[in-house]
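Two complexes are shown next, each including chain A; its partner changes from chain B in the first to chain C in the second.
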Partner chain A sequence: MDRNYHVFSDGRLERNNDTVRLVTEDGEKKYLPVENAEALFVHGQVDYNTRLMSFLDDHGVAMHVFGWGDYYSGSIMPKRGQTSGQTLVEQVRAYDDPERRLGLARKFVAGSIHNMRTNVKYYDNRGHDFASIVETLEDCRGNLDEADDVDEAMGVEATARRAYYSIFDAILPEGFVFGGRQYNPPNNEVNSLISFGNSLVYANVVSAIRATALDPAVSYLHEPGERRYSLALDIAELFKPLLTDRLIFRLVNRGQLSTDEFETELNSCLLTESGRKTFSKAFEETLEETVEHPNLKRKVSYQYLLRLEAYKLKKHLLTGENYEPFERWW
Partner chain B sequence: MMMQYYEVCERELWFLSRNIEIDRENPAVVRGTHVDDETYEEKRRNFSIDGTISLDVLDDGQVLEVKPSSSLVEPAKLQLLYYLWYLDRVVGVEKSGVLAHPTERKRESVELTDENAARVEDAIRGVHEIVTRESPPPAEEKPFCESCAYYDFCWSC
Partner chain C sequence: MVYVVVVYDVQADRTHLLLNFLRQYLTHVQNSVFEGDVTEGDLETIENRLDSLLEPDESTIIYEVSSEKLLDRSVFGEDPTEDRRFL
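Right, the complex of A and B next:
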């Protein structure tokens, strides 16, 4: 039930009997088995009609649309997702209680710093000297306890992320110059990859939240309404180092993505269609990787970790039991 | 359903009382619903009484409870006894019941004896105590945890 299908061609998406069919502009027909699909990721220019929407709705399949600029444009979510007034009430209660909101905001930042640190340590052990960055991240984590409000927690996150991003230029090969985070639109290849990867993480978190009765617009670290699904931003923060950044390093360092895979115009630098294909394919393979879960006593996929994170948060909100953020344990 | 959950897992009972939705894709849930929907289709009628309980009555007048397997028999029996108790003490009709495991072609008759009625009354008090708690009873590992729809919810921590 958890496969993502990516559509890169331009053309028409339609219902054909009991499946979804893509008819490309040159008349080629491709079939997307919808039975085991979690979501369709649409990167090309496609037409579709209401008949397709109802069909996807019946099968509980979301459609995430990717466009220009920062890549993610929006999602069309099936109405059949779970809804629960009770869950929404508890979500808002936690938001409205400054102590609880700050507690959750800190957890998201703490988890995210931990996962950044894991990546830094990995490269620190492989011929780089990032000891001072590890130390900065540890300081940030310490300072987090003194953050008195959500803005301060956000500030700690920003400091940590700046330190973390400072290692990128040392890890990436010649030709890939980062020089700090720029987005909307990204200004160079590295920023473009981060934007694209993070938007894939974000869309997958949106799908994971949909599987619970959580409202994706009520968030804790980010301000609700900052973007439409701000809760997805909170949760995505935890997974970006695992899902996006490591993949970028791997693809670029192994030469699977070169600077030829980008289109540069004025102040923007965006992945070409073939670059997006390469990245998405590798991203899907990453989502399917598994790890032994210490409490569930079985192997779970990286993609399922997103779902579990939504469950954990929901459980905290509804039962008051402690929420511990995802921190890479392997 | 409350009686059944009280006997199986108090934490699950608490979740249920708060409408904390289970994972509808869970194979055990899908199977249970399927077995229940597909058996005695022609011979039973569903009744909703006082908006509190919903039960199935067979053509011969017996109250029916279907279990997809013979595991967790006692909880299903308690649930059925509760229906019989409710009919007898609240509605004022005396009925007998039948507990059916269609996949194993087994049926068992259930009667509301004095002893059984006392068991139901104890359970009603127990259920009330659980569902009025602020937070759920802590997770406790049981042999059937792994097949529960709340398994990942309880243990992903």
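Right, the complex of A and C next:
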């Protein structure tokens, strides 16, 4: 499996002897094996040159850049290995047909509600009483069939997510207060974890979409906007409960991340470098976790599930085969 | 995927050849020792390249396990593979 590498130090990334080398500010040299790299996640301040860019391009390695505040600031992607005019045409056709677009939008919401419900049920079985939330989520899923357009489907997803987020304060230990989703910038520890986690999910989905001939800017649930990969937002929606939220609960409840790992400034609260390191490390371990896949009859990693989602969507668009969104089955 | 440990013993002025080559695939853990996960295909590339790099009286040894989990690995002192994905 191809790996993500995270660069937290400040310094210079360069091509050296046919691999990538980081020279930190105090002159330390660290090598990373380019042959098994999927993407570089750059969290520190680094310099690089065009020689490195062409080199990463040759090896199909993406560079995702993270900045301050709302974290994800962009990706430098290798030139497309996969191009297919036919896929793009079909992708746009499905967007342009209101029925088909709504059908896909509903699938993304349905999958996302299912995955939220799995988390709620898990904690419902562990000493919390979330029966009413489970019910709300089930109602939302029922209402989804009545949504007449994408805006309504989006509204159902917002209602579901609000109900889902209401369990956070009950699950999280003392010291961590959530009180609802806030971003740009996040206003407290929990929101900053959600922002950071979701941006990692998003960047990984961007990589996954890149492996197919799909265009990341043509989406169904989210409105295709300017300057963003809205198809990655659609797909990321399915995986946030599995990848981000469960990880937050685990890290915080086990005391692996404490409130000391955050820096609070006027109206904003952000993870410190060591906090981001702890989180990214646990996130990478999660991506490597595997699960037996009922159709493929073999074990696949969570990271591979992201890629499968892009393949499934592409197959649906090209062949009309039913698209079933990722719903946690274990 | 296979987990491999590669050790080599070559003339002192030629070690950089193997060092530079193996860095593309594996983690450098000690002088003349590399380890890490590789695909079957990459392993073959590594074997062929190492074979062609060697001169008489030099050798490299590759230890293979089908998964890192099967390897009972104890480290004393600092572990150079710790955080190898976090630079």
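The rule is short, and it goes like this: the second predicted complex is superposed on the first by the 326 of 330 C-alpha atoms of A that agree within 3 Å, B and C clash if a C-alpha of one lies under 4 Å from a C-alpha of the other, contacts with A are read in each partner's own complex, and residues count from 1 in each chain.
Note that contacts are C-beta pairs under 8 Å (C-beta built on N, C-alpha and C of every residue); 3 or more make two chains touch, one makes a residue touch a chain.
Because the structure is a prediction, the values reported are computed rather than measured.
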item	value
Superposition on chain A - do chain B and chain C clash or fit	fit
Touching partner for A:Gln86 - first (chain B), second (chain C), both, neither	first
Touching partner for A:Asn267 - first (chain B), second (chain C), both, neither	neither
Touched partner set for A:Thr19, first chain B, second chain C, both or neither	second
Which superposed partner A:Thr50 touches (first chain B, second chain C, both, neither)	neither
Per-pair minimum CA distance [chain C against chain B, superposed on A] in Å	7
Where chain A meets both chain C and chain B, residue numbers	1
Touch list for chain A against partner chain C, complex	1, 3-9, 17-19, 22, 30-36, 277, 280-281, 284
Residues of chain A that touch chain B when the two form their complex	1, 82, 84, 86-87, 211, 213, 293, 295-296, 307-308, 311-312, 314-315, 318-321, 324
Of chain C, residues touching chain A in the complex	1, 20-21, 23-28, 36-39, 42, 83-87
Chain B residues within the chain A interface of the complex	18-21, 23-25, 134-136, 151-157
